[in-house]
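See the structures that follow.
In what follows, chain A forms one complex with chain B and a second complex with chain C.
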Partner chain A sequence: MSIFPFVVVAWVCAVGLYGIITSRHLVHQIVCLIVVQSSTYILLLGVGYKTGAVAPYFYDIPLNTPAVDPVVQALALTDVVVEAAVTALLLAFAVQAHKRFGTLDPEELRQFQG
Partner chain B sequence: MDSLLPLAVAVPLVAAAGISALNPLFGHRRRVLDAVAILTAAAVTGLLVVIMLSTADGQRVYWFAGFTPSHGVALGIDFAVDQLNSGLATLTATLVTAALVFSWRYFERVSTYYHALMLVFLAGMVGFCLTGDIFNLFVFFELMGVAAYALTAYRPEERGPLQGALNFAITNSVGAYLSLSGIGLIYGRTGALNMAQIGQAITGHRPDGLVVVAFVLILMGLLTKASIVPFHFWLADAHAVAPTPVCVLFSGVMVELGLYGIARVYWSMFGAGLGHRDAITAVLLALGIATAVVGALFCFRQRHLKRLLAFSTINHAGLFLIGIALLTPLGLTGAAVYVIGHGLIKAALFLSVGIVLHRLGSVNETFLHGRGRGLPVTGVVFVLAALALADLPPFALYLGAGWIGQSGDARELHWITAVIMTTSVLVGAAVLRVAGGVFYGLGDPPSEDPQMAEEASEETSETDEAKSRTPLSMIVPPAVLVAAALAVGLLPQLGDLVQDGAVRFQDQAAYNATVLVGAHIAHPTALLGPEDTSVTTTDVVTGVGTAVASLVLALMALYWRRLPVLRRGFEPGAGLVRPIRRFQSGVVNDYVTWMVVGLACIGGALAFAIR
Partner chain C sequence: MTPRQRRWIFLVAGGGFLAFYLWGLIGLPGFGNYPGPYGDIINAIAVPQTHATGVVSAVNFEYRAFDTLGEEFILFIAATGVATVLRHLREERDTSAVDEAKNRDVPATSDAIAMVTLAFIGPTIVVGWYLASHAQTSPSGGFQGGIVLATAFVLVYLAGQFIVFKRLSPIALTDAIEAIGAGSFAAVGIAALALGAAYLTNILPLGSTPGAVNSAGTIALISFFVGVEVAAAFILIIGELLEQTLIVREGDR
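Our next item is the complex of A and B:
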């Protein structure tokens, strides 16, 4: 297994965090959060990947054929479900903010400080 | 017996689904919804008490769908229940019940989603306590997270709730994704997701870089949930705006669940593999002290009652982390008892603030000065709870503080008692100042802080308008919770019982054997050995001293304008306002920046020390 997927993971995660930190627009910020999460998909799939292995369906292939790890794929799928819930909720908040206050800037939405 | 375990999560989930599905039928009959929710929460509490009592003679393990381990290899997902995590789950269910009873008359109008979300929140928290699988832990972490974000923005028509919910959701999600990366890495190393299996796989090898990185990453989400400095910023924003019954759960148990997660991950997975280095104690102690100090200072300067209590929770989270960081059974015992006492008392305080908001329509200490005179019963409950928070014996909190201090002494860390006392005095004084000023009109009315007045004035639409009397269903829960904290403090043999649980919690070999081969371990042994849990005179004197000092400081805060040394017109700490505002800036961008800084510092420190 090469180190390359993990370099990509670190890069995607860092890019997403940089976006969250610098963003002045809620929708953009939420998309950056999705980018951070995307790094976990790559990580999970990278962990279970085997060069030259097949997809883990043992229907018409011999049982000892090398296959990629199906557990991490299940984890990634669960991860996608979690992301869908969180993202939908966050975007609903953004819609509310825009409807009520006409702004999507986190700083203009601020009520509490200190 | 063991088949009861999944019911504690399944029952509230099914009830929540049922409430949502039957919404067209019962949506307008609010009392039906209230009653179903309260009965469900009470049933879960009863179930968890039965489960907790059944763990007295050993750990209970339940494997979903009958996937028991074969030849010591775990294939399925398990619930592994011992005294400590079942006790924490029981506390959770108790507080949810109290919060739902309080809600009976608290909300004018309430939508179905409130009850369904509260029950999902309960299921997520109980599942988080009981699970023995690290990925399952992440799923329950997210489940309770999503319910909590939605509950925070219960009133999305205002600015504050949106700010609080967004800050809460984004910081906690970033933490959760970092944790998930750690879980992926440790799975890549060990090929397991069961905590016992992972622990067994990494024990006995020299810890390599990958294990350390996975440990640090998994800690990130838990530290964020536990509101440990510098991951704590979201907490005050979320607490200030969530409906008061929800704040009870945030402060009383959700933050503590983050700390439980840290202890669980450490003692079931990484502890033996990392070799219980002193460096781990040092890093966690440093975080705990920073959290305790920051929480106490911010608490003392607050005038917004809910934010004041939120910062007090940050202070206590730091103290709990100190107890865990000592790695001794007595330290963990102290933290556990402290969590129970704090959960009950903080819940009572939040509910009292809810009554104040219900009756007087404000949570601004300046505005409320002297206006709470018409609330005699609430006043008494609040004062008792405030004194308990300042470690007054015989409320349970002084025992926790005392045992953490004793355990620190045994590890030659004598200054821990001093840290606990000083920060507790500040927090106790802040809450007692509120009690004296609001309910008895003591001292001079505090000068108006325009920023805080503006913040607190938006806090009115939770209840429609000020009411003329307090319903019984609102005053009984806080009174009962204060009485419960008193009863726990007076329980004979409490220390020995909890320390038995702590020893079992810290015996990683016994945990592995019970989960993976179904062994029954009658006499677990902890790394550092149990200590004496008798209540010493020092504990009582320290507790009384803290409470008296808090009272004195509270009176000084109320009457400081009349002190001869201070001139009129002098505002203490006026020069600090700007830096404080810049630190706790209220913008999520800054919070995530601090999280990255925290990740780099903790990761660097641990990598350097464990290498």
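Our next item is the complex of A and C:
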């Protein structure tokens, strides 16, 4: 079962991608993109995990206690911030698209150029 | 391309991706067998070197501080982008629900919701402040704390007080606070340059006890500035998106 978390990563990523290509609503599509990005959190935390290790916080535990990799956890934090920024921008674009064209269906939006 | 064709292409491509992905997994160490060495080295040296017991914060605000600077400016630019994309167009103007439907009453926020959200504002600010200022000791930091602080302002809105929300966070002031937060992070790095050290070197005294609130030098300082920037950026983004509900285009009626 040692590859199970990485199979979960592939599953979450695939589910999100399927949602993006079949979506009929821009906001739904943005949520699907968040799902795709969530798979990277599982991947990052999965590669840094050590069986039986604790979180890398040595406030009340001895320094030599086995702890999981803090670098990938810091990367996951970066990931979350970038996702929040991307989501905010995409939602703003969706608002403008609805204002200009009166629809959020990607199929209908394709008829409008520019 | 019809949705049906697109689904078929996805199935074929997804199958190919899965095959290569599983193939790639075979050579990797399994889950729970972290091979190192970077994480183990950082875990061993971070506490003596930086006096921060939260090693994730030490990585974010010390070892990879330059990367975090870029990350913070991504958020800064996103807030600017949202404000630019959602700027008022020529044919738009502000209005309020009262003007739009004079013959109908605006449904008031229920007292229960207003009570609960107003009661939560104080504790939310305290928790946000605590998170933003304790990155060096426990699982927290400026990013988390800033989000919680911004939540306090959203609670004001949830209590049905959009006017108060706008008055508490005027755009010019929030803009300035966001810029000060982002600029101060960069300035901490420049201060190190002025002292002859490398950019973003930890130039402040580390304190005697690892894990104390006043320990870890610039880690605590940078985390706090990041908290200020993140809170202001999210208040701006949320405010811009909420304001869209008040905009009416001239031809819409």
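Throughout what follows, the second predicted complex is superposed on the first by the 109 of 114 C-alpha atoms of A that agree within 3 Å, B and C clash if a C-alpha of one lies under 4 Å from a C-alpha of the other, contacts with A are read in each partner's own complex, and residues count from 1 in each chain.
In this section, contacts are C-beta pairs under 8 Å (C-beta built on N, C-alpha and C of every residue); 3 or more make two chains touch, one makes a residue touch a chain.
Note that this is a predicted model, so its numbers are computed, not measured.
In the superposed pair of complexes, A:86 makes contact with chain B and with chain C alike.
Of the two partner chains, chain B and chain C are each touched by A:71. In the superposed model, A:43 makes contact with chain B only, not with chain C. By the touch criterion defined above, A:101 lies against chain B but remains apart from chain C after alignment on the C-alpha atoms of chain A. By the document's definition of touching, of the two partners only chain B reaches A:109; chain C does not. Of the two partner chains placed around the shared chain by superposition, chain B is the only one that A:29 touches, whereas chain C remains out of contact. When both complexes are aligned on chain A by C-alpha atoms, chain A residues 17, 21-22, 47, 71-72, 78, 82, 85-86, 89, 92-93, 96, 107 touch chain B in the first and chain C in the second. Taken together, the chain C residues at the contact with chain A in this complex read 3, 6-7, 10, 14, 17-18, 21, 25, 28, 30-34, 36, 38-40, 42-44, 46-48, 53-56, 58-60, 64, 67-68, 71-72, 74-75, 77-79, 81-82, 85-86, 89, 137-139, 141, 143, 210-211, 230, 234, 237, 240-241, 244, 249.
For chain A in complex with chain B, the touching residues are 9, 13, 17, 20-23, 26, 29-30, 33, 36-37, 39-40, 43-44, 47, 71-72, 75, 78-79, 82, 85-86, 89-90, 92-94, 96-97, 100-101, 106-107, 109-114. Chain B contributes residues 135, 139, 142, 145-146, 149-150, 153, 156-160, 162-166, 169-170, 173-174, 177, 180-181, 184-185, 187-188, 193, 236-237, 240-241, 304, 307, 451, 455, 458, 577, 580-581, 583-589, 592-593, 596 to its touches with chain A in the complex. Per the touch definition, chain A reaches chain C in the complex via residues 1-6, 10, 14, 17-18, 21-22, 46-51, 53, 55-59, 63-64, 67-74, 77-78, 80-82, 84-86, 88-89, 91-93, 95-96, 99, 107.
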